[in-house]
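In what follows, chain A forms one complex with chain B and a second complex with chain C.
Presenting the complex of A and B:
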């Protein structure tokens, strides 16, 4: 038998395509930025100077109007307020000075200082005359460079998101035109060589390779004709077997539809709650987030049972339908209870649909290698959607409005259903499966797991604690705080990447090391501490930079917690509770993640009744750090075990 | 299919353009003009002129008869009889005094003494709900609707703070007029929010039980002695009639006056006013008249609304006299007079 290359063609294609795109995009961005920076003197600076001149004239005109009204120059009232307003409206100005011929001066620097000093500003001056005072505007020399740097940053983010999104689309076509025909062809050649009966070709076979496949099949026809006639029951089967990558675009689009809401959902609820408050605005914002987390958790727990009853295709169809209705409905919601109800629907739909995709991938796997590839595809699609979702959603919300963004998200969910319809189901998927793991035995397993002190500590102090920050700080407080820092909706969307990027890079880094069991526990605890400690920065610094640092701490901390906690908890279960299945252990861990999310939003809502959002975030961080103290029990036990093993 | 859609779209476009180019085609030369009777208190001033200009600008044919009480409320019962006899298409009343005399209140209306069978509009009525002209602003509750001209107290005080800081506001309180009571109540509520103290002095009554105008200068002196930072000039008919006495005495006592109705700052010596211009109010009232006459909407289905925005008017002559010049921020947004 010919040895077939087991290396994933998908991976090779993905790597090379992304590398080429990344290099081309990055080089062109760098070149563009270099050209823009080098042309700064010629293009941008004169424009900034021109604006400075316009502002100087406007200030002079206002002062002239006041003097014309009969207000003496020496008695002008509220000049500080006026100059302060002007500085606030024009970030490129460092100071403004209004000075008459006899030396009477009104001036203000950006930092509130009134004394003259020079920081190398570019000066734009209108000289004083007998009637009117002179105006000097000090323009920040670095302003244009700062703006260009921000533009460069935006370009990098846009490039990155476009790259990820484009990569998913390219993969879809690669599957459609290359991977699926290639698999079909290989299966056909192998099957025909082994004398298997003739089968049909997949109806959706398209692309440049399809002709080759048809020709090949026709070439083999005479030799297999008799056998084919003798095995008519197999004639309906085709050569193509579903693969995990088939569902990738579906999963990507569906998760994207939900992730699009991240950057603006609390602002959307705040808008509604300010008009018609249910309890208090802060609590109203938390309620839909809590409902979502709670029902997503329940949906994940019972998603498997639903698939067993309805079959894979029906389950996905219905869950996407209710998700689409939920997202679309939010575009028309006017009250907080409506939003809560719709988010609940979205949560159930989201949970069950993602479980459906996971099951699809698992059912297509014929061996361990394919299972691993399926899981990798699952994680990759979700990661890509998470990275792209918030920035894309934010841009749509800024350009078309919050409510239209909801409809856009609903459209994405609906589109995923469209792609799912085109998929061939794995052979076992469409039939209702008997439930191998009933609810009572699952609950019994959960009970036993919770009785184990180490498992309980990890669930509470690491897994749930980390999700407190996620549900409370990232999904709730972050958009509202960023709005208060004057961030645009687009910038808020980009801000969310500060969570996902450290999470992804952290995961990649941790995947490359293989720490021992004791080190795993320490990494996990360090991750939990890091997750909570970032928020403390907000106590000292009321700035977007502090929030960014806090979010990056959550991302990095969670990469350490999630990977290690799963590994540690599974090894404890295998050693101490070997009869409990891995899926049940993981299901309990996922449930605690959701519980953490629910409580996180709730805690922030309660804190915000007495404190502002920044203080509430700090309070949440302290809660997480206090919870982390529970890990002391784990550390002590780990140390005792280590000493015992050394003594042996 | 596509071409038929294009044809439909082109037809719609033609209709839309046609209706834009010929908006007045429904008012041909032979159309009978709408008959409107306006009852005013002190001549056809800015609101009345604004009302009239609205129809002429839109070429809506109307015949407007103006009945002027010339500040004498005794003639109003005669006007009621006249309106009932003439049966105009619409009655428009100016000011709270005129409106109450012509239309009565929601709770107290007598078909013998008031006009009840003709659609009516009021304007320049300070507190239409408080005075009982309508049941509520959103649902007037009878054959009467109108417009507001006094801005909410919160807006007035917010804008006033832009001009000058204040800790104590003086208030000349005419106990006989409902508007004065309603505004005083609103100012009392606003005290904690805007961190000021309301200092109120009551206008004494003469033997006929009417407010005594001769006491007004003394009341202003009393407010000066109580060290108020600002006098709030209530939208009250009695005070409006005596606005010159009050504002001149205030200037003498070096006290700024905040006006909430246009004449106090335009024609008298208030330092500044946070007001709706009477012309704008008149035009808004006329747009309601158009709804009643042209679009045939019942007054009870038309909410009582205020014009969008407001005007900050500064009397520069008074500002110079008091040496209370407007801050630059105010100069940028204010209208200045004198």
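Presenting the complex of A and C:
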């Protein structure tokens, strides 16, 4: 057999096609953004100038009122404070000058010391007359540009989201038209080579390669009638073997439906709680988040058992159905208990559906490499959906309203079933479940794992601690704080990328290094500390920038914790509790993640009864840092182990 | 041909989706910025009025008895054409009626009442006008919020600006989509013709034609087609002895 060239015509063609699409897409997007922003500037600038005029008039009226009260113009006390307040309230002003006809002048410049006007100011003047002084306002010509530069940053984020979403769509068509037919063809050739009888072709075989496959099929038609009849039972099984990539679009759409709620869910609950409060507004906001985390955890734990009972297709069908009902129902919810009940339904649906997709991917794997590829596909689909979900959900909420956004999310979940129902399920031979997967043995394994001190420390002080921040700060406090910082829905959605981007880049960096066991523990602890410490910034700075920094710290910290903690916990289990299966260890870790999420929202809700949200976030950060101190036990143990291994 | 068109339409659809999503996101961001800038125009006289009211509270005059407030509100409404009305609402009383009011447009709650009764056509017409409603707390000298200053200002001007921006954006989007299609269509078509060539080469291999080794070495599809041919040959070789026996 001829060795396949990595620079083959087909790969070159695929590369060129992607490049052409990317180049045209990027160039036209950037050019459109540039022209769009120039157009916006033309509209915005006159409005800024109008505001300058209003300010000039307001300053003059205030001075006139003082003069009317009998205060001589030359002796206006507190003029500097007044001008300073005006400069502070209006960031577009560079300086204010109040000057009478006889030359007495009050002026204030933004930088305090500057006495000469620069060229970059647009002047708005009201001339002085006999009775009243003239007012000159210097507006920063760059003000509108600065605002538009921020918009350009947003455009880059939007472009990134659109590209990511587009990539998933391209991948779907690539699977449909190229990868699936090609794999089917390869399976057919290999099968025929091994002397297997001819099988049927998958019904949904489309794309440019289908012609070649049909030609091959025709070339190996059963020669006699008896052979054909003998192989009839074989023909029911076609050449196409399910692959992990088949389910990627399904997983992407399903996770997207849930992630779309991230940007506006607390605001939506707040709206409901303000009209019909259950406990207090703050606790009411936390309750659905806590219920979601709790039931998602339970769903993850018992998802495997549900699949074993109902089968993969039925499990996914029911999960999607209840998720769709839950999401759609929220559009009509009017009380907090209704929201809690619906979120619980969504959580169970989400957990079981994601477990179904994971099981599908695992069952398609025939060797270790395919298992790794399947896991990578699973993580990639979820990450892409998480990145796109919040910004897209925010836009939909802003354009169509919160309630329609819920229905949109429900539609997206329903759409995932549309793609799933056409999939061929992995063969029954691969569906063998791990032997010790019943509930009692699982609980026994959990008990043993929790008795191990090191495992307990990692679960509590690293895994759960990180999720405390995620559930409390990111999913609960962030949207509410951003609303108070005057952020729009769209911007709130884009803000969530500040978590996912450091997480992805952190993961990419960590994947490139292969640290030893002791370094792994140190990286994990550093990550846990970083996750909690970012929130402390909010103690000193009450700004969106501080919140952004805190979220980025969580993202980066979690990238260090997530990979390392799984690796460390598995290596401890292998060494000290070898009889406990990997799925059970991972299931316990996932449960602690959920517990962390539940507690995170709960802690913030309790704190917010006595403090404001910013202080509650700081409190949560302190809780996480205190929890991280538990890692000292792990460090000491690791140091002892290291010394012992060195002595050996 | 249909297959080619399908593939090209997916590519073009993606570019249109990309540009469309970018435009929608940017438009809403701009609209918020525009609303922010225009509504901040009202903030300047509102802050000044708030200061004056709080100063009057500091002199010992109560909001209920200070008749000068009505004149002050009227003056601000007259000086700022964008402002429809100003109200001072007492936070300490249960009454929904404002303490002082100046201008022509009632508050949003009043609008709803009027609209439901539909008796006063004039008021209903005014209520149809889009408005910004901004609120400032009036704080007494001991730091307690005693009243609320409500400004209702004209939003129709800014909505018109936003509509103009939307129209211009739609025009730009249309131009860019058309330009992208014009550039992409021939490029994708050319690339798909190359794919056609590869597929026809693979087809000819399946049908038994020999290809140049250098072509075979650089094409995955041709190699697979060659494998098909090899399997066919071996099957035939196996069938011939069995047929002769």
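We take it that the second predicted complex is superposed on the first by the 499 of 648 C-alpha atoms of A that agree within 3 Å, B and C clash if a C-alpha of one lies under 4 Å from a C-alpha of the other, contacts with A are read in each partner's own complex, and residues count from 1 in each chain.
Operating definition for what follows: a contact is a pair of C-beta atoms (placed from the backbone, for glycine too) under 8 Å apart; a residue touches a chain by one contact, two chains touch by 3 or more.
Fair warning: this is a prediction, and the values are worked out from it, not measured in the lab.
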Which of chain B and chain C A:186 touches, first, second, both or neither: second
Which of chain B and chain C A:70 touches, first, second, both or neither: first
Chain B versus chain C as contact partner of A:242, first or second or both or neither: neither
Chain A residues touched - chain C or chain B, whichever exceeds: C
Which of chain B and chain C A:79 touches, first, second, both or neither: first
Contacts of A:62 with chain B and chain C, given as first, second, both or neither: both
First, second, both or neither for A:532, with chain B first and chain C second: neither
Touched partner set for A:557, first chain B, second chain C, both or neither: neither
Touching both chain C and chain B, counted on chain A across the two superposed complexes: 62, 65
Parts of chain A lying in touch with chain B, wherever the complex brings them together: 62-63, 65-66, 69-71, 75-79, 81-82, 85
Contact footprint of chain A on chain B as seen in their complex: 316, 319-320, 323, 325-332, 336
Complex contact set, residues of chain C against chain A: 3, 7, 10-11, 14-15, 17-19, 21-26, 28-30, 32-34, 36-38, 40-41, 43-45, 47-48, 52, 79-80, 158, 161, 164-165, 168-169, 172-173, 176, 179-180, 183-184, 187-188, 191, 194-196, 198-199, 202-203, 206-207, 216-221, 223-228, 231-232, 234-235
Contacting residues of chain A [partner chain C, same complex]: 1-5, 7-11, 13, 16-17, 20-21, 24-25, 28-29, 31-33, 35-37, 39-40, 43-44, 47-48, 50-51, 54-55, 57-58, 61-62, 65, 89-90, 147, 151, 154-155, 158-159, 161-163, 165-166, 169-170, 173, 177, 182, 185-186, 189, 192-193, 207-209, 211-212, 215-216, 219-220, 391, 395, 398-399, 486, 488, 490-491
